[in-house]
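A, B, C and D are the chain letters, set down in written order, and residue numbers restart from 1 in every chain.
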Amino acid sequence: MGKDTGFTTMAGAKSEGDAPEIGVGMLGYAFMGKAHSNAFKKYPYMMYPPVAVPKLVGIAGRSVDAVAEAARRYGYEGYYTDWHKMLEDDRIQLFDNGGPNDTHADPCIAAAQAGKHILCEKPLARTAEESKTMLDAVTKAGIKHQVAFNYRFVPAIRQIRDLIDSGKLGQIYHFRAVYLQEWIMPHYGTPKIWRLDKAVAGSGSLGDLGAHIIDLAHYLIGGIKSVSALTRTFIDQRPLPDDPNKMGKVDVDDAFVSTVEFENGAIGTLESTRFAAGRKNYNCFEINAEYGSVRFNLERMNELEVFWVGEEPKETQGFHNALISEGYHPWWNNWWPHGHIIGWEHTFVHEIHNLLDAIVNNKEVGPHGATFEDGYRAAVICDAILQSASQKKQVDIKY
Amino acid sequence: MGKDTGFTTMAGAKSEGDAPEIGVGMLGYAFMGKAHSNAFKKYPYMMYPPVAVPKLVGIAGRSVDAVAEAARRYGYEGYYTDWHKMLEDDRIQLFDNGGPNDTHADPCIAAAQAGKHILCEKPLARTAEESKTMLDAVTKAGIKHQVAFNYRFVPAIRQIRDLIDSGKLGQIYHFRAVYLQEWIMPHYGTPKIWRLDKAVAGSGSLGDLGAHIIDLAHYLIGGIKSVSALTRTFIDQRPLPDDPNKMGKVDVDDAFVSTVEFENGAIGTLESTRFAAGRKNYNCFEINAEYGSVRFNLERMNELEVFWVGEEPKETQGFHNALISEGYHPWWNNWWPHGHIIGWEHTFVHEIHNLLDAIVNNKEVGPHGATFEDGYRAAVICDAILQSASQKKQVDIKY
Amino acid sequence: MGKDTGFTTMAGAKSEGDAPEIGVGMLGYAFMGKAHSNAFKKYPYMMYPPVAVPKLVGIAGRSVDAVAEAARRYGYEGYYTDWHKMLEDDRIQLFDNGGPNDTHADPCIAAAQAGKHILCEKPLARTAEESKTMLDAVTKAGIKHQVAFNYRFVPAIRQIRDLIDSGKLGQIYHFRAVYLQEWIMPHYGTPKIWRLDKAVAGSGSLGDLGAHIIDLAHYLIGGIKSVSALTRTFIDQRPLPDDPNKMGKVDVDDAFVSTVEFENGAIGTLESTRFAAGRKNYNCFEINAEYGSVRFNLERMNELEVFWVGEEPKETQGFHNALISEGYHPWWNNWWPHGHIIGWEHTFVHEIHNLLDAIVNNKEVGPHGATFEDGYRAAVICDAILQSASQKKQVDIKY
Amino acid sequence: MGKDTGFTTMAGAKSEGDAPEIGVGMLGYAFMGKAHSNAFKKYPYMMYPPVAVPKLVGIAGRSVDAVAEAARRYGYEGYYTDWHKMLEDDRIQLFDNGGPNDTHADPCIAAAQAGKHILCEKPLARTAEESKTMLDAVTKAGIKHQVAFNYRFVPAIRQIRDLIDSGKLGQIYHFRAVYLQEWIMPHYGTPKIWRLDKAVAGSGSLGDLGAHIIDLAHYLIGGIKSVSALTRTFIDQRPLPDDPNKMGKVDVDDAFVSTVEFENGAIGTLESTRFAAGRKNYNCFEINAEYGSVRFNLERMNELEVFWVGEEPKETQGFHNALISEGYHPWWNNWWPHGHIIGWEHTFVHEIHNLLDAIVNNKEVGPHGATFEDGYRAAVICDAILQSASQKKQVDIKY
């Protein structure tokens, strides 16, 4: 008989108990591929016990070297250079679309037809019309669909939604939101990448950044009745990425500003730009309501500023700076002791939980996850903003 | 021979050397009467040596008790219950109009005709048309005229203007400004005071708060090409001040939001409201430009946030929080050692200096002081905002 | 019969009703002379109706040109070049000592003997022993005496005291205070001015800055049981002011740090320095107590940060940033609408009111004003800090 | 011939290329077990390509149920209920000690004797003497040893160290550090857990929180010459965890304060407490130096406040708020686009990289990783602080 090593093996034990495995097929391996893959890997042991264990079956991309490297890096079982093939893989139940905007519609529609559940990066598509074809496809297929409006999954933002739902804020008067970045300003020397190409991206800062705050407007305040907007392209010729000696025309917005009128009577402003020096990822909004105000800034995403009307003692009334990191804050019982902050990437872990929970337990993706219908509604507003800017008049919204 | 007391009398000495006296006649004794009177009293010994010494000759108001009390309190030599009479007083060279908006035009026009220099509270008048009559009158009279857009005289704001003028910020892309207050929200129980009455005030938050940020937009960014706006009146019935059992209709805006397009290509948003819980006097704006960004918040008026593109070492780039209190900052050589902050009331001291300097030394009131032309231009934008909100379309500006 | 001018003269009317006049004699015309003179001038019309009207009788200083100029600037009736003479002036009831530290004791003692009430700049004197002679003199004379620890008269600090007195904070555990400035760092090239000369100043940052936070420790927390300290002089040779080619030895501290143990069981740290780059006037302290915490920073003196234990809803607990500018905050009913902030100089107006109220209405200067006994107690702690630093051991306090 | 599925398998490919595997044996499965396990899992795909791939061989703990659950959760191949047995496992090259303080010495010494490299949680041990036995053992064994002072691996803190090393800050004058928490205040009702038991923990807030800032003092400023300290236990009787009806004496400090004198002439204060209401994880320090100042706050760990002396234009000098998230900031090229912040847990990923790099490439763990010598030095200061508090005098340090 061998020596007693004291070691008890876990071999054969299912890694997270009875949770079912969900096979994942990922399209895209760049920024969002990294963020989503990390979340799939981290979810089962951090939001423990998980509702399902994501199994990284395959990752698809056109460059064989890059996709093979991504598969190796993130631990996918293998890779595809053709997403059509990946969608035929029966081991895959969840299709995750992290590709550029012009590769959202076809693969998602095909995935829906193949009966895959879908997580699609935002914006859902380049136009409302294109988005509608996707919404129709997923609705018809009866699968679970979620758009990666991940800021709904920032604990502080979910907390705001809960405060609103509880009635604690009362009637909402104002919503003002900006999403400011700086990375295509002159000193960056940014070439005409796909995000600056209308054919690929649909729009510029609007669909990239604006879509996030439009979705938050929908999520937190409700339906939009009208918009009135301006857009600007500050630099309209940029070097081509593949041939820096040639210039290409930038045909998307560098920035937009809009007034917004909500169905519930609130008014506000929306703005996004990639020309705000010093603003790295400044998604910042404020809500003023009957019983209080709240303010959020993504660069300090673990914090929430809140003012309550009538608080006692009145001598110390003022905006609270609440560190959102207590066990009773949304999702925080999965993380660390209070004050040990989380980061941007954690939003994807929460987001994936929401979708997996919907898949495994046949729950609704909404209202806290954004469905393709939410993605479509955001696209309607984006289109209306472009229309208003073009026609120089207020545009009424019809979703 | 008497005992040597060691005392040398100043009797007979002119209190501030050779500076001439300027006789002041004040209309109004409430909020602005207090702020202006304090500034007149404080100016000659704090911005020393003064260019002129304001002599508080008379103060006018309808209530004899109140105006007598104000005269006693602030040290005016006497009082008037009829401003027409005050304007006949030859001892007065400077007429200061601190009355409600509907008492701006007639007294100012009469004062101009009487050859008095004029300081008038903002907004200049209730409409652009009314403002134009005033501008015409002062122009014809050839007197010095200044509108009390006192925020031009916040050191941090003057510093921003100087940075822009120096070219250090380069091309301006964005201007976003809000002026948020809370004092007519439901929990205040505010009756329908004059500021909520269109006949007296002209407009609501727009003329009161919005006019300030519109003037700053003009002062810092330049001419406006178009606006597109919404207004809201959240509470449209309020108790009458004199008879709280009766309700009166609020016929002015509680809030407005607007996009704005500048002649120089910049775009932005403007907003004011009196329904922002927790925002006491939150005049806050941000400028994003080619070489940097600046941000200002009136509640922290001694501070200026500035980001510079390309600063070394790059590892510590970020928004500076500059405490504007050095001897080389605008007007600060008159005040205290650095870090010993000044307050809101100090803006009026700087403002009065600007006007007295123009009067005594025959200088221009502008560009740093707001003239009646600036007041008129702000009124044009106010009118256009109301027109845009009413017509639901972008309104092109013609000054 | 003459024309009706409509003018009613205030001539002969007492400027502030029935308030008695108090004749003031000022020693010193530099930084503190300016701050105090401004407060005397501003008090009667801003804290209206005043309890007394300061009458600026005389100002004393050694330089005849400078003192004459100061008399002219601030409107003193005349001047003295010998303070002994000024103390013989019967028109003076209140002696205000704004001179350097080595001119505190003799003039104050003489003033007390002459029956004048006294306001003396801080620190009261160069040592506890010297302070004691002054305390004894004013006690014997039975006059009102106040040390210009003006930060007690910051509204936010008085608010903290009121919160403590009300029991709302419960048992105090911690007090940590720093007073950081930068103005003698190498890049300033500061010569060996009087504040760096032990014979004149008594100590360096300790008596100048440290005395303020020691007084606040006494005012807010209570008696001190022991201290344990270090001091440092980072630059011990500086050019002489009168002869920059010669160097003089700096014989005072550039900085000190100390632990502190309070009689009530709380512990803390005290620190002051003039070598903190970027800290202009950073008097900042935090109190942690049973039911909450408070934090104050003089550079943002209109704000108060407060955390309350157990506040509902718990999801938004966090430090409040209270803008101390409401009519119900200390002294604020005298100033402006909320959010229209006040400055450093306003503390002196509140301070003067406290002393004049004590004089006219025979009230106590304390507990909110600092008496000479408070000045003496601060000096005892200063001495103990120097002793501890020298002996390298904890020093028990005996007041 | 089968259908072309388009799938290329990664089976057989080494998951991270040529990086060697390092077998890990973990002791402890609570707070630190979770933090470390997450870091081991995340390291190889986020800091890609990794220097080594941690292989989670075994985890040890006394409770079989809990340790089995932890093994399942984090994906360890198996578990041990006896750490002695685990140290005999040849598959393990790296022993990670995440147990309570009283289980640091014996397992680490045994691991060293077994030739394992070691990562040990802080504080290294309960006393300097105990720490010395560990240091001697690892030195003799010649293995790589690192103490988990993870805050050295916050990018902002490493950035500060780099600024200091570069000479950009010049001579350091001041270091003031606090580490404030609140979780044993009365309203938490905390029982006498192991962290409040001297036999297990060695000390209270001192070893838990204070050790972190002492290590940062060593890392950033250098050797300490003397300390002078006070300690307090505000609640000295608490319910026993296992029998809440019985009370146990708390024999560790709830808080300490200390002055500190550095070998390079700088002075400062150190403080930690668990009685600071509202301070969740407030590890905050400031350095004032010849050419600038820096300030860091762990609750905003992605930010760094920096003031530079002499910066141009002088009008905008002020503390920068640098968002530490650029590709050129320490470790950030592994993470996300700028402004997409990271969290507390990421420090462990950086920390593990440092140790694995030392193991695989035979580099030094220091100066950026804390060795057992650094752990010992921190323990020397902790002991001196307790000694000073007890003897009421300054204690000179001998490491």
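Throughout what follows, contacts are C-beta pairs under 8 Å (C-beta built on N, C-alpha and C of every residue); 3 or more make two chains touch, one makes a residue touch a chain.
Predicted, not measured: the structure shown is a model, and the values here were computed from it.
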Of A-C and A-B, whichever chain pair has more C-beta contact pairs: A-B
Per Cα centroids, the chain farthest from chain D: B
Inter-centroid spacing, chain B versus chain A (mean Cα positions, whole Å): 44
Gap in Å, rounded to a whole number, between the CA centres of chain C and chain A: 54
Shared interface positions of chain C, touching two or more other chains: 279, 317-319, 323
Of all residues in chain D, those that touch chain C in their complex: 171, 173-174, 176, 178, 180, 185-187, 226, 228-230, 232, 234, 255, 257-261, 265, 267-269, 271, 273, 275-279, 288-293, 307, 309-310, 317-319, 392-394
Chain A-touching residues of chain C, taken from the complex the two chains share: 159, 162-163, 168, 303-304, 306, 308, 313-323, 326, 328-329
Contact set on chain B toward chain C in their complex: 4-11, 13, 15-17, 31, 35, 37-38, 41-42, 45-46, 48, 58, 68, 71-82, 84-86, 88-89, 181, 183, 279-282, 298-302, 323, 325, 336-346
